[in-house]
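Chain lettering (A, B, C and D) follows the sequence in which the chains are written, and residue indices restart at 1 in each chain.
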Amino acid sequence: MKLSRFKLKIGNRELTLIITIALIYVFMCFAKGELFYARSNIEAIFSNLSYDLLLACGMTFVIILGGVDLSVGAVLALSGIIATLMAQSGIPTGVAVLAALAFGLAIGCFNGLLIAKVHVAPFVATLGSMSICRGMCYVLTSGYFVANLPEAYLNIARGSFLFIPNKILISVLIMVALAILSVNFRPLKSMYYVGANGRAAFLSGISSDLVKIIGYGISGLMAGIAAVLMTGSLGMGHASYGLSFEMKAISAAVIGGANMAGGEGSFLGTALGVILVALVNNVFIMFNGSPNWSGAISGIMLIVAVAIDVIRNKIRERRTA
Amino acid sequence: MSVLELKNITKSFGANKVLTDVNMQFEKGEIHSIIGENGAGKSTLMKIIGGIYRADSGEVILDGKPIVMHSPIEAYAHGIGIVHQELSIVGNMTVAQNVFVNCEPVYKAGFINWKKMNSDAKAALAEVGADIDPTEIAGNLSVGMQQIVEIAKVIAKKVRILILDEPTSALSDKEADRLFEILDDLKKKGVSIIFISHKLNEIIRISDKVSVLRDGVRTGTLTRDEMDEATIIRMMVGRDLGRLYPPRASSRDGQVILSSKGLSRKNKFNNIDFSLKKGEILGVFGLVGAGRTEVALSVFGADGLDEGTVYLNGEEISFRSPSDAVAHGVCYLSEDRKISGLFVDMEVRENVVSACLRSVCSRAGFLNQGMISQITDDYIKELDVHPSDCSRFRIRNLSGGNQQKILFAKWLAAKPSVLIVDEPTRGVDVGAKSMIHSILRRLAESGMAVMMISSELPEILGVSDRVMVMSEGRKTAEFEAEGLTEETVMNAVFSMDGGLK
Amino acid sequence: MKIKNKTVAAFIGRVNLNYATLFLIMIIIVAVMSSRAPYFLSAANFAVMVNTFIMEAIMALGMTLVILSGGIDLTVTGILPFSSILLALLMGSGMPFMPAAVLVVLGCSLIGFVTNFLRKTLSLHPMVVTMAIAAILKGVNLTITGGSAMSGFPDSFKAMATMTVLGMPLSWVVYIVLAAFFIIMTKFNRNFIKVYFVGGNPEAAKLSGIKTERVYMMVYMISAALAAIAGILTAITYSSASYSYGTNADMRVITTVAIGGTSLTHGGKGSIVGTMLGTLFMAVIYDAFIMSGLSTYYQDVMTGVFLIAAVLLSEFFRYLKEKVQ
Amino acid sequence: MIKKMCVIFAVFLAIATPVFAGGSGESAASSDGTSAVKENELYSMVVFTKGAEYFNWCYAGMRDAAAILGDHVQTELQGPAEWDASLEARTLEQVIVKQPKGILVASADETTLNSSIGKALSQNIAVIGFDSDAPESGRLSYVGTNNYDFGAAAAQFMVEQIGGSGEVAVVIVPGNIAQEERAAGFKDWISENAPDVKVVSELNDEGDVAKSETVCAALFQANPNIKGIFSTHGYGAPGAAAAARTLGILDKIVIVGSDYSSAVIELLLSGDIEGSVVDDPYLIGFESMMLAYQAAHPTSVPSANPPFGHVPPIIYGGCSVITGETLSDPAVLAKYQNPPAV
């Protein structure tokens, strides 16, 4: 019986989130009617959470590995600036985009290298690269916007495919792909092993160091992709992009059930976490909530979501006992 | 009147009943051993006495008065101390701090008296016959030494009832002998000792009484004159265990698969030669700290080598990492299953395929879930893992013996041609032990070369075909196992010069 | 030759390489700076340098304990301004300074208590909980102040800004007293030594009869109380209270503690003395930035570089040490 | 592993050394070239969010003024990256140690910097407030914009653009006095002069363009009748434009921004945003520098603040609305499109 309880626990957090999201959705449909469930509103919610979704994806990997990546927000800003500066100066769009992605990947791998090979604490290593990247943003731009971007560059984020905006399409596709791959694709599945028990994974013939570097690399890459989408959508690059995005990404992953101790985390959960926070943000504005509190939403949702989960478990335990 | 009496103790975790109506009496100045298979409830019972768990029903009666304890601190206040199975030494603190954790000698204002603490620690360590500097950082000591510190830590609290949970599993025989002398001494001073062990010979040697637990029920208590191995085993497993060890290799002329020449690593081992033949089990014996595990890890590619060469099938090879070794069919089953063997929070099926992920995925790298389930189910059946539907359980929820079986399954699934097993039966009960021995033999018979590192001499003698002895980082002797006596091996351990060229 | 090696090994074995690294970098910086900036070695600059980092220094003491216990505390960034605002509210309603300050410190320790309570009951990683609490506190701070600075302090309070004790500003005295207190406590007091045990091996600590949850509660409450003291001192120094105080202070404090050699990966490794050295290091480089006339944009870059360089160097020296021994 | 670590470390040193050496080299070089005519004078600008485009313009004005005053007048820009009044006060104190002749300070809030400014004045350092004032600090003069009027100008333009009636919203970062004043001016002007216009919402975008996009998108959804949105800071308008673009309602929404930046100019030119209220940060910086120099070099004219020279207590620059039309003049456009290098 003790064992079968574990089986029930699969998807527990996801279930909590789905129920919460559904309740909020239904409530809002009644309270605000068409204003809320209009296609354009849903589309707006999704297109605005696309950056969060990408960063939270990368963060989920890092958390599964038992680490944390504070640099994503700054990497996003710097990748965006690199891409926009290149695009602005007439370098072909493809090259600019690739440069942003490559840069994100490189910084991620650098973090991974410090953490895996030199055994620097993830918090410290990524905090260091966070300051460096954020500082470089200002060094490169002096705080000015990088605007006047070519049409081709802007269209990556602004275009749409089969009536779905590219931004949503790209981020959701990447999310789904990673979610599926993380279950079945060996190199990604290895992350769970490394996060659960690094020493055992190493002795089982899994190259833990490489896996860690890849994990942080993916996190950086996601920041690079988000940078291209964000700069394209807003039509400009700026050094202040992505401020405190790392905190949002961590919150979303934890709301989705990722365990900071490593080895646990689900991409579906993370996606639901991102959606929940975005939805509550939307509700908050729909009801003209005080601007003072908008920053606290993801923190409050984190505590609420986890508390609901804990209470649900307690009730279930009492019932089975 | 008994010092300590347990009356109708019952304890369950969730729906899992661990102890049922257990009654026991412990007398003053007596060594009372408790034995039972893994999962029989010994550790739970001890934790109830030690104030870590509370019984669901039943009473703990001390000096005739029922007591209720909520924490280890209260247990200490009643004069009950436990030496835990898992070391509870904090590595980054000094030995003295560890000995006096939570009961540091203090001045009036609550400030620690370091001078007194160090000298008291010195005295406490001397009491258990250890000459350890109390200001040394505990993490720098060997595991055996740490165990001694752990024992000193409990004895220093002047306990009346001392519980030792598998204290000798990390000790060399010499250290264990020393421990038994200490226990004898304490016994004479009137301390009641409760001793838990898997090692029958130890128990018979030192106990005044033995209580046997099976599936949470006490099946009986034997006094000194009634004790013998066969009786105890029968009470533990509920049946006779036919032969204790499997037969030896049927054929001894397999070719050499893995061999080495002059392996050295600074401060770890020096000039080690060995050869492993197909179909044969090579036992590697030595005291804790002899460098056996280090040699295995270096051969396996987990640690570097300073000098020497390894040959696989006659060709020189050097594994850069464990993954390299595994790819070449050389596997290493680690000594500590929780720390470096299994992924305790992951599912059984995920653990089983963790060393052979490459072989259960398509060329593009996608895992074949059907195949994983198939492999897992096969091994669960083959190794008789309980419960039989545990494929999706977390490892944490299995008993120690079953965890060890999963560890075996994990490495068998990697289809090795050479299997190095490090302490394969540590902390495993008699039933599972003999099962593991016969698995090892079966693997060897199927053409695998097995190297078995063990600190249990009877196991080495009973299971191996050849025995290699190591001492202080050197190979001191090599024997044919047939007809080998414990005495010969121990002589080889202590006469270093004899074995060296 | 052999003997010489041995003495070298013995010497290196006794030197704390982490500290040595910090001193080395600091000496280089001071040497470069004093040759380039005329005011760098002046007494006035020293005073300013200390003032610049004194709030972080105070919070770093508590953060060290939290990190030693294996946790982390991001709430300080919210508690510092909260305490200054709470003080302004209380004193604005006519309460004298001492009772108001005591009330503020107690109130803020209560936040630490709640943080730890949530961490425990929701079994969340401390980083996540404290992050959430910090965000909530920011909302509280903004709501109370409406975004503007509060400055309704009585004149007697304003006089404390220039008050000196033994020729030192009040904040220095507070820091010295607190630092001495924590150095002594972590060396000699049972309850504080438990922090090391709990951080080093929580399971073992529990089996040794240490009430681990009580230790966690203690460190989070201390950290919150110290952030509150820093907030009160900030209010005294500037005779104002504002939600903007302490922005990103959490990251600066953690950087300080990490540079001081307290391990964020393994609890139980590190010391208050190390943190104090880290504090000095950070104060020197922050000051060097401003004094050097270095383009302001490079400051973030250099902070990051120094953080990683310090960690790398001490790792490198550790390797050398092993090699020599 | 160690080899790799060495490589990493070497890379680090390679980055770090030239930056540090180069940075301090700049000031050393300039101090070497002093000797001849006049003694060097340092003037420092202290701001609360370094890297903000607005302050870059201010600093550019300051530098140009310094160049006019002579080679011996040197300038520097200092300030924390974070919006933290106490950090700015500390930076100010560090700047004081360098004994500059004058300090130009934009205060993160109204009171926190008071004591530090007082300290500077007591050491005969002239302190001029600009952009954001600290009125009780004793600063010799303040150069800036009346932010209340700034908001009113925005309101007037907004009301014209939406045709005198409808719903509008305001984007602000709570806690910024200048922005709060702009919002107040905006709301008051509307309530007094345009009874048919209603301010339905106040939004917080945390001064972040991406966040601005999110909150504006939600706002447009929640209030389908909304006709206009005013951002009290420079990052709100681009975000609002992006949100309107996503929803396909760029034509229906009047977006009025504040300040100028290459992003705002681009959006004005494309017609995505209708107008932006601007003051002249370059001139503010220039003027402040001149005042600081004046204060540091007293003349025979009697002064209200001895020992400093005579300066006026307050100078308000005006503000104006720029639109796509304003920018059709290439000369005007060229000015806005070429931000000064800092």
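Throughout what follows, a contact is a pair of C-beta atoms (placed from the backbone, for glycine too) under 8 Å apart; a residue touches a chain by one contact, two chains touch by 3 or more.
As the structure is a prediction and not an experimental result, all values here were calculated from the model.
In this assembly, B is the chain whose CA centroid lies farthest from the centroid of subunit A. Set side by side, the interfaces A-C and A-B show unequal numbers of C-beta pairs in contact, with more at A-C.
Measuring from the averaged C-alpha position of subunit A to that of subunit C gives a distance of 30 Å. For this pair, subunit B with subunit C, the centres built from the Cα atoms lie 43 Å apart. The mean-CA centres of subunit B and subunit D are about 69 angstrom from one another, to the nearest whole unit. Across the assembly, subunit A contributes 114, 118, 134, 138, 142, 292, 295 as residues in contact with two or more other chains. Counting partner chains per residue, subunit D shows two or more touched chains at residues 5, 8, 50-51, 81, 174.
Two chains count as a pair here when they touch; such pairs are A-B, A-C, A-D, B-C, C-D.
The touching residues of subunit C, counted against subunit D in their complex, run 32-33, 36-37, 39, 42, 44-45, 48-49, 51-52, 55, 142, 145-149, 151, 161, 234, 237-240, 242-249, 287, 290-302, 305-306, 308-309, 312-313, 315-316, 319. Within the complex formed with subunit A, the subunit B residues making contact are 13-16, 300, 302, 321-327, 332, 334, 339-346, 350, 354-355, 357-358, 361, 365-367, 369, 387, 390, 392-394, 397, 410, 414. Looking at the complex, you find that subunit B touches subunit C at residues 52, 71-73, 75-76, 82, 84, 86-93, 97, 101-102, 104, 106, 110-112, 114, 153. Note for the complex: subunit C touches subunit A at residues 72, 118, 121-125, 127-129, 131-136, 138-139, 142-143, 147, 251, 254-255, 258, 263-265, 295, 297-305, 307-308, 311-312, 315. Taken together, the subunit A residues at the contact with subunit D in this complex read 32, 35-36, 38, 40-41, 43-45, 47-48, 51, 113-114, 117-118, 134, 138, 142-148, 158, 165, 230, 233-236, 238-243, 278, 281-282, 285-288, 291-292, 294-295.
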